[in-house]
Amino acid sequence: MSPDRAWLGRRLLLGVGQTAALVVLIFALTEALPGDAAVALAGDQPDPQRIALIRENLGLDRSAGERLLDWVGGLAHGDLGTSLVSGRPVADLLADGLGPTLVLAGVTATLLVPLSVGLGVLAARREGGPVDRTVSGLTAAVHAVPEFALGVLVITVFALRLGWVPPTAIGTGGDLWAHPDVLVLPVLVLLSRPVCTISRLVRAGMIDAMASPYAAHARRLGLTPTRVRWAHALPNALAPAGQQLARTCDWLLGGVIVVEALFVIPGLGTVLIDAVAARDIPVVQGLAVVFGVVTVVVNLGADLVTRRLAPRAEVAA
Amino acid sequence: MSERGKRGGPGSRRPVARRYALALGLIALPLLFAVFGPLFAGPAGARGVSFTGGQGHWLGTDFAGRDVWRQVLLGGRSVVLVAVAATGAAYLVAIPLGLAAALTRRTWLAEVLIRPLDVLLAVPSLLFVLLVAALFRPGPAELVLVVALVIVPDAARVVVSAATEIAARPVVEALRMQGESWWRTAVGYVARSMRRTLAADCGIRLAGALYLVATAAFLGVGVAPDASDWAVMVDRNRVGLFLQPWAVVVPAALIVALSMGTNLLFDAALQDPDERVGERL
Amino acid sequence: MSRTTSPIPFGDRLPASRRVFLAAGGAGALALAAGCAAGGSADPGPHPGAGNEGTPRRGGRLRAAFPGGGANENLDPHQANLFVEVARAKALFDKLADYGADLAPVPRLAAGWEADQSLATWRVRLRRAAFHDGRPVTAEDVLYSFRRIADPKRAFRAKASLEPIDLAASRALDPATVEFRLKRPYAEFANTLAAFGAYIVPKDADAFERPVGSGPFTFGSFKPGSSLVLRRNDRYWEGAPHLDEVEFVVAAEESARTNALLGGQVEYAHELNPATARVHEGKGRITVVRLRNSAMQGFVMKTDRPPFDDPRVRQAFFLIADRRQLVDGALSGAGEVGNDLFGKGYRYYAAGLPQRTRDLTRARALLREAGAEALRVTLDTAPAATGFVEAAGIFKEQAAEAGVTIDVRIGNKDTYWKDILTGGTIASYRSGAMPIEAHVSQRLLTDSTTNASRWRVKDFDDLYQQIQSTSDETLRTALYERMQRRLHAEGGFLIWGFADWIVATANRVRGVSVTAPANTLDWARFDRVWLA
């Protein structure tokens, strides 16, 4: 459809703008942090002369605007810049961190959709019934447990007491595919909260959709309850859940800091934390670009889905 | 016409009451601790050795040798207040914003309202907490601001998404054609129809706020590392989990009860048949 | 330039656990000679170990988990700043000397050292040793390494330690002898040879992707932020290590290091929490090693501004501190109380001075005399090291009992050390192991670069110079006692404790030193370790 294409084009353009805005925002926030890379590098030897020298060597004595422009200039040639701290190209650092992150995020997302949609639909079958209450209660409870606490719990039980899986990813060198047993606990912890969020949204949406005149109409037309549920109600119920899913995908990319720390997985979250603490602005900027691009793409997908699903209400009219 | 056709039925009154009781029971305990705990905390006693039991400390001592019971009494206020205030603040911004964006016929207005939020959405929430929290001195007011900022874009997106779906219903079109004011359409119909989705979302956001507060403690931002705060207690005392479990278990149970109870309360409220009357148009 | 650590506070206050600077380091700008003018013997002596039972067995790979610096790390030994970086550097490289358990210098690549009458010219004899590529370690390599560190355009951490050396005038007398010309007499010059980060690299080495050193292990493979594999150097001058391989892995989170050790994923875990140690000590599952006196803990008072410019206020604060309670609360009991003097258990430590104890009556009287009743001060702290914020909170309570109101101000952990160097009036402070001489020269002289107590006293400077011009050991010991007596009476450091550094190993690991404070020769010394 051509209106769709125009919409898509506009959204992509917007996406570029958003990513640019994001990079500037992150740059401004990082600049606003107290201290700079020179101070962070000097650590507990904050000899003022030494800090000045480091600052000069790193080019931090130039103005913020100048440094940002420089970096943007490099970006135009596909150059993400060089880490202030290690002198390694930012692209290399990101590439190192991206592998484990993608594996972790991919596996989690793949399991997340069927699991949470299934749970949501199951709970919505009979609102207030025993299944619904069990699922709702369980999701409400698990959702309330912070990952670090859940992580400590599952490591203690499944790795240290029962010895079924390794407690950390140490020794894999970041190559998680080669050691699938290492993935079990991190993925379990990562799944815990999004499954709760999304299944609850699916449940609420399903109950609404099943009660809508549209579904009633479908039933009157003699469609089987199963068909009404899966083919007609579910798509409507997925609209809000789709947005949440998009959000979860963003989060899987950079927000899994806690899980990376607990299980010693050298992913992007770890790179991020280190870069912020060291005030390594080029690395933080490079990450902002990655996050921006991914978010734009994922949200675009979610909006596409919403556009496809929600208009059904019109069709029903 | 009835928006919600057959569901529940009159027979479900008693289970709903039971669910209320359960939800309220779960919420009551942490809430009582949060509100009245500080009144009973009394002065700080002498410190003991960290992670020990006995010697007058009936829940033992924490990582800094303080009495765990006293910390539990003191530690609820900040957690509960921060989470509730941040969620409230977020919705105060998100609902008008989302309704305006969903109901306007001017595409550019919707774009202007929603796009800046998309930029914020693209910042991983923990990065955002990390960066913004580092700009402030640790404290409850600052943490409210940071957590609210993280929640707003999410909440607004859910509002927009739900409102868009409802706004596409024939009823809204009919209201428009009858010349109903924007206000009546937005608040009187759309906002009310969204209640179920919003309530589910609100429970999630509140739990999310609790989660952010707890994780901020783990990351060591936004809150002093020795603050009297349940979230901080869970994080700091977990190293002593096997020496003195109460210092972790009690505050963790209180946080979980609060979060779980909130979610169940919203569920129960939505199922209450008496409540449904209001949903008739 | 050296790098600080990264991060976030995890676990036990992340910051703390992860970051841990080797505060020790930096070593002394001026240093003190081992036996004074005649360097120590070449024999490192017997090696005290955790489990030295039995004959060392050859072979195997030891995996060691350290908190670390993330994907930004590199293998330039002169940039070493974190414990993991130092541990890797000492496996790959050697220094001319290193610190023994009492922080006195022990000869390493240097076979010995001796001074002329002036104590300003030192001759260092090198032992026969070779780099991994077979080239011998020569005087030229030593001079190159020192000049690289001291390069005015760069900011290596050890630069300040080498300041007393006039490198332009220093020279190689022959391939195995270096003559150092100093800018002033320096009896403890050997401290410089052992300075934090003063590793000897081959002449002209400036890139360290595949480092070549003279250390007990040779380079295998490196993945920044994740793992470094090293292999046995069969031609090591001190005898080949027992292990075939050692792998350094980085895990910032304390619980992850513990879990990896319990789960058999590593055999050595550095820096564990005192609570973790209490859980596992004596249970037989893993072996816990406490490295005593590894980190001084205290508060630094600015002696150049009110209220701490009045010595009576400083004395009152000394008397307010309940040291046992601070050690129990802030360090979970893993440490010893301090006596407001740096370097407990180290050479020249004035152990004879009476242990200061709490005396609120006397503290109130002193404050009254100083006109500082109802005193209110702001104490700066940050989660920059383990126990900082806790100690501040505890001290606040203690001070309240003496009528002093303390407002605790929590600052930014990443910029903390710079912020407190010149700002504020009283702040949390810590330091890793270093010779007492290094502590004095870096922090207590008028021209010290990190003089956080703003202690600038002319006759104190003179006393330091007098010590460094004294070749007689007994005399020097007496002068050190005089110096410490003064610091004990009215210095700017309130030193309430010395923290243990906790290391744990799998039960089959043998040969781990139990006496070496973190950052000394026998600490993290994997060439002596073997697997039973």
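Before moving on, here are some points about what is shown:
Labels for the chains are A, B and C, by order of writing; each one numbers its residues from 1.
In the analysis below, contacts are C-beta pairs under 8 Å (C-beta built on N, C-alpha and C of every residue); 3 or more make two chains touch, one makes a residue touch a chain.
Remember, predicted model here, so these are calculated numbers, not experimental data.
Of all chains, the one whose CA centroid is most distant from that of subunit C is B. Looking at A-C and B-C, the interface holding more C-beta pairs in contact is that of A-C. If you average the CA atoms of subunit A and of subunit B, the two centres end up 20 Å from each other.
Taking each chain's centre as the mean of its C-alpha atoms, subunit A lies 41 Å from subunit C. Inter-chain spacing, taken between the CA centroids of subunit B and subunit C, is 46 Å. Multi-chain contact residues of subunit A, defined as those touching 2 or more other chains: 33-34, 152, 257, 273. Residue positions of subunit C touching 2 or more other chains, listed in rising order: 8, 10, 255, 412-413. Contact of a single residue of subunit B with at least two other chains is seen at positions 130, 134, 218-219, 235, 238.
Interface residues of subunit B, counted against subunit A in their complex, comprise 1, 3-8, 12, 15-16, 19, 111, 115-116, 118-119, 121-127, 130-132, 134-135, 154, 157-158, 161-162, 164-165, 168-170, 196-197, 199-201, 203-204, 207-208, 210-211, 214-215, 218-219, 231, 234-235, 238, 241, 248, 252, 255-256, 258-260, 263-264, 267, 271. Contacts from subunit B toward subunit C in the complex involve residues 44, 46-51, 63-66, 130, 134, 137-138, 218-220, 224-226, 235-236, 238-240, 242-243. Listed in rising order, the residues of subunit A touching subunit B in the complex are 14, 17-19, 21-22, 25-26, 29-30, 32-34, 127-128, 133, 136-137, 139-141, 143-149, 152, 193, 197, 200-201, 203-205, 207-208, 210-213, 216, 236, 239-240, 242-244, 247, 250-251, 253-255, 257-258, 269, 272-273, 276, 287-288, 291-292, 295-296, 299, 306, 310-311, 313-314, 317. On subunit A, the positions that touch subunit C within their shared complex are 33-35, 39-51, 53-54, 57, 83, 85-88, 93, 96-97, 152, 155, 159-160, 163, 166-168, 170-171, 173-174, 257, 261-264, 266, 270-271, 273-275, 277-280, 283. Within the complex formed with subunit B, the residues of subunit C that make contact are 8-15, 254-255, 273-276, 278-279, 325, 328-330, 332-333, 383, 389-390, 393-394, 397, 409-410, 412-413.
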